[in-house]
Amino acid sequence: MTQAALALHGVSAAYRDELVLERIEASVPAASLCAIVGPNGAGKSTLIKAVLGLVPLAAGSVTVLGGTIAAMRGDVGYVPQSESVDWEFPISALEVVLMGSYGRLGLLRRAGRAERTQAMECLEQVGLAAFADRQISQLSGGQQQRVFLARALMQRPRLYLMDEPFAGVDAVTEEAILRVLGALRQRNCTIVAVHHDLSTVRDRFDHVLLLNKHLIAAGPVATTFTAEALQRTYGGRLAIIADAESGRTAVAAGY
Amino acid sequence: MTELFRLLSLQDASTRVVMLSTACLAIAAALAGSLAMLRRRALVGDAVAHASLPGICLAWFVAGDRSFAMLLLGAFVLGLVSMGMMALVQRLTKAREDATTAIAISGFFGLGIVLSRLIQNQPGGNRAGLDGFLFGKAASAVTSDAWIVLAVAGVVVATILALRKEFGLLCFDREFAAGIGRPVHRLDALLLVLVALVTVAGLPSVGVVLVVALLVIPPAAARCWSASLGTMFAVAAAIGAASAIIGTGLSAVLPPPGGASSGGWPTGPMIVLTAAALLALSLMVAPERGLLTALWRRHRLRASASRSIGSTP
Amino acid sequence: MIDSAIVPAPWLTSDDLWTIATAVLASVACGLAGCWLVLRRLSLLGDAISHAVLPGIAGAFLLTGTRDVLPMLLGATVIGMVTAFMSSALSRVGRVDRDAAMGATFTSLFALGVVMMSLAARQVDLDPGCVLYGLLEFVPFDTVDLLGVQVPRAAAWLGAALLVDVILMLAFFKELRATSFDPAHAASLGLRVGLVHLGLMAAVAANTVVAFEAVGSILVVAMLVAPGATARLWTDRLVPMLWLATAIAAATAIVGYLAALRLNTSAAGMIATISMVGYLGSVGAVSLRSALSAASSRRATIPG
């Protein structure tokens, strides 16, 4: 087995003075597409932030691409939920993508022509080259999400951490994002994404972490993403309708 | 010492009225301020206060003398103008609301200084009366002025208590309030008028620069103690009234800091400092989130996390 | 008489020119730093800091007994940072929004400052009123020798502040931009979001203090916020916004001073008034422009 892209060793983390993750022990193999699944408040976003070092660990440690996050930061791309974004900020789509290079530029160096060309290529990959000069708030929600994906591409990472990349996007964007993710995997990149839509986990991902404060299960989708495991993840709040013919599970989560 | 006794025992009729009116005003401000804060418009009062300075000057130009009621009326009118201006800018553009507020605060105040200097230049114009409005002079106020303040405070408190349910709903969930047919626009406007009223009525005692403290500090302190509107009203009102009485009293009885010739302790800052002390106390020891309380909780959390690690096989 | 009304130069003395230069330096230095406050929705923190530095200044005076700029700068910068810290603590503990927290903090500190000044009243010519509207008119009377030229002390300090502002902004442009636009992502890149915020607060506080003595706390607010907010109305781009803010800051200072001179009134007050008039005028012009372009695009979609 190849080296794990992401390994969590007994990770506990708190959000606003409350433990939301307890002793998570899991690993994600390299070159996989991994979904983090669990109910609201299960600590999914906190897990991603803890991996990035944005939330302090109460206990345990994280290994990213064989090293610590501090050492490997340049190889990790992050697509956050856009809650912290300032939409009225005077900035164009291209300039947003350019920010992906800020980490490796380091102090005092500015983005130059090479970075601009590269940023343009990243916009092309997500199909937004024509919108490079638009102010960010003048793009649709789906287009904005693709700009943030392009910004992650700009970082040229080997591991992508995404917080609900498919939340509230239209079909075109979903298609575009899936295409990019597929291409990334071809290049041996690893993608870990928080995902809410249980009905599409089987189609889009090959690996899954089921999370509800504790780790419920982790492993390949085919063997791990079972009705029984989901039941344990969501407690009694889930109705699962097994479709015998297609072998798929249709799920309805109730809150 | 005898003066202190006279003051505390409220023997002196005029002191009694002045203190009473300042305390009632602080209560009215605490209630209006609580609502304004919950509606996320805490600093609107600051813009009104600063806009009142040109209002006072304009009233001086129009009325020609320093009739207390006229000056307050001028302040009130310009306060409403500043609110209308901010609302209009918000409607016309997506300009940042905080920037508009900051610009209104300094712009109107600048205009006030321009006008007051012009008054000073005029024959017979002196700024002594206007200067009193900058930092407040409650202790030296006259009884008839105090009655005006008392009346305004009474109207504001009565209105808020009468519409307590509606205002609570407006602050908590404006969309829902509109959905069940409450006139949310008019309620919002009414709240702003109430804020303007207490702000202007507070000018003589606390002054232009600091009057917003009466609207902000007691509610902020009360918020540390309680999450329910009713309790918050009660705690804020108590803190406001206590600050007004203690602050006014201190500034009247303390010996002047710079010797007998100096101006003595400014009333407004003394009231605000008293309120600030109560706020600091609330911040420290409030249940749940007080700084000392939180330190203790964090300590316990860390202990429990390390215990749970220790129990791992 | 009519001629001199059209050409202002003849009745401008060299003192006037130095005062205008000082006002322009203050306006541009504050305006550039203030752009970032406006972009980060911290305009009112500028208001808060400009009030709250008062106890820092008064405290430095009470301790040293002089009106030296350096101790005051130090005292006020510390207090400025205290304001930023206390506001955030209050909004966390009291669950009050940021505005209310700032309002509570800066009024408390300003009150403290006024009382401290009363304490010092016997020994000083520090006057709370002057703190509010400054002493711009007296700037030329306090000069220092700079390479053989008598330069107003305030102008020298403000020039230095502007230089430091520009150098810092050029050096940390991408950090400022990234942490303002999307702090969560900037942190994931390894940028020190908290450090950038702290640095910006320190820069604003330092600028405020340096400008404070010359123009007073109320005008400092106008100088911090108005140029950036006005420029933002006209452009959707960051770099043009910074240039435009610089031009607006300089123009406001010049026009304000000349108007005050004509009317024989407070220069600081006039500059603040002109700032607001410029902002309101821009709001009107920009919304008129967008209304017109919306109307013409409606007309264009109707087949003729």
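Order as written gives the chain letters A, B and C; numbering starts at 1 within each chain.
Basically, a residue touches a chain if its C-beta (ideal position, glycine included) is under 8 Å from a C-beta of that chain, and two chains touch if they have at least 3 such contacts.
It should be emphasised that the depicted structure is a prediction, and the values quoted were computed from it without experimental measurement.
Both chain A and chain C are touched by B. Nearest to the common centre of all protein CA atoms is the CA centroid of chain C. Inter-chain centre distance (chain A to chain C, centres taken as mean C-alpha positions): 41 Å. Averaged Cα coordinates give chain A a centre that lies 47 Å from the centre of chain B.
Centre to centre, using the average C-alpha position, chain B and chain C are separated by 25 Å.
Counting partner chains per residue, chain C has residues 41, 232 touching two or more of them. Touching two or more other chains at once are residues 96, 294 of chain B.
Interface of chain B with chain C (complex): residues 37, 40-43, 46, 50, 85, 89, 92-93, 95-96, 98-115, 117-118, 121, 131, 134-135, 209-210, 212-213, 215-217, 219-221, 223-224, 227, 257-259, 262-266, 268-270, 272-273, 275-276, 279, 282-283, 286, 289-291, 294.
Interface residues of chain C facing chain A in the complex, by the touch rule stated above, are 39-41, 171, 173-175, 177-178, 180-191, 232, 235-238, 241. Interface residues of chain A facing chain B in the complex, by the touch rule stated above, are 10, 12, 14, 17-19, 22-23, 58-60, 88. Contact residues on chain C toward chain B in their complex (touch as defined above): 38, 41-44, 46-47, 51, 89-90, 92-97, 99-104, 107-108, 110-112, 114-115, 118-122, 128-129, 132-133, 218-219, 221-222, 224-226, 228-229, 232-233, 260, 263-266, 268-273, 275-277, 279-280, 283-284, 286-287.
Remark: chain A residues 52, 54, 73, 76, 78, 80, 82-86, 89-92, 95-96, 99-100, 102-103, 105, 108, 110-111, 135, 148, 151, 155, 161 touch chain C in the complex.
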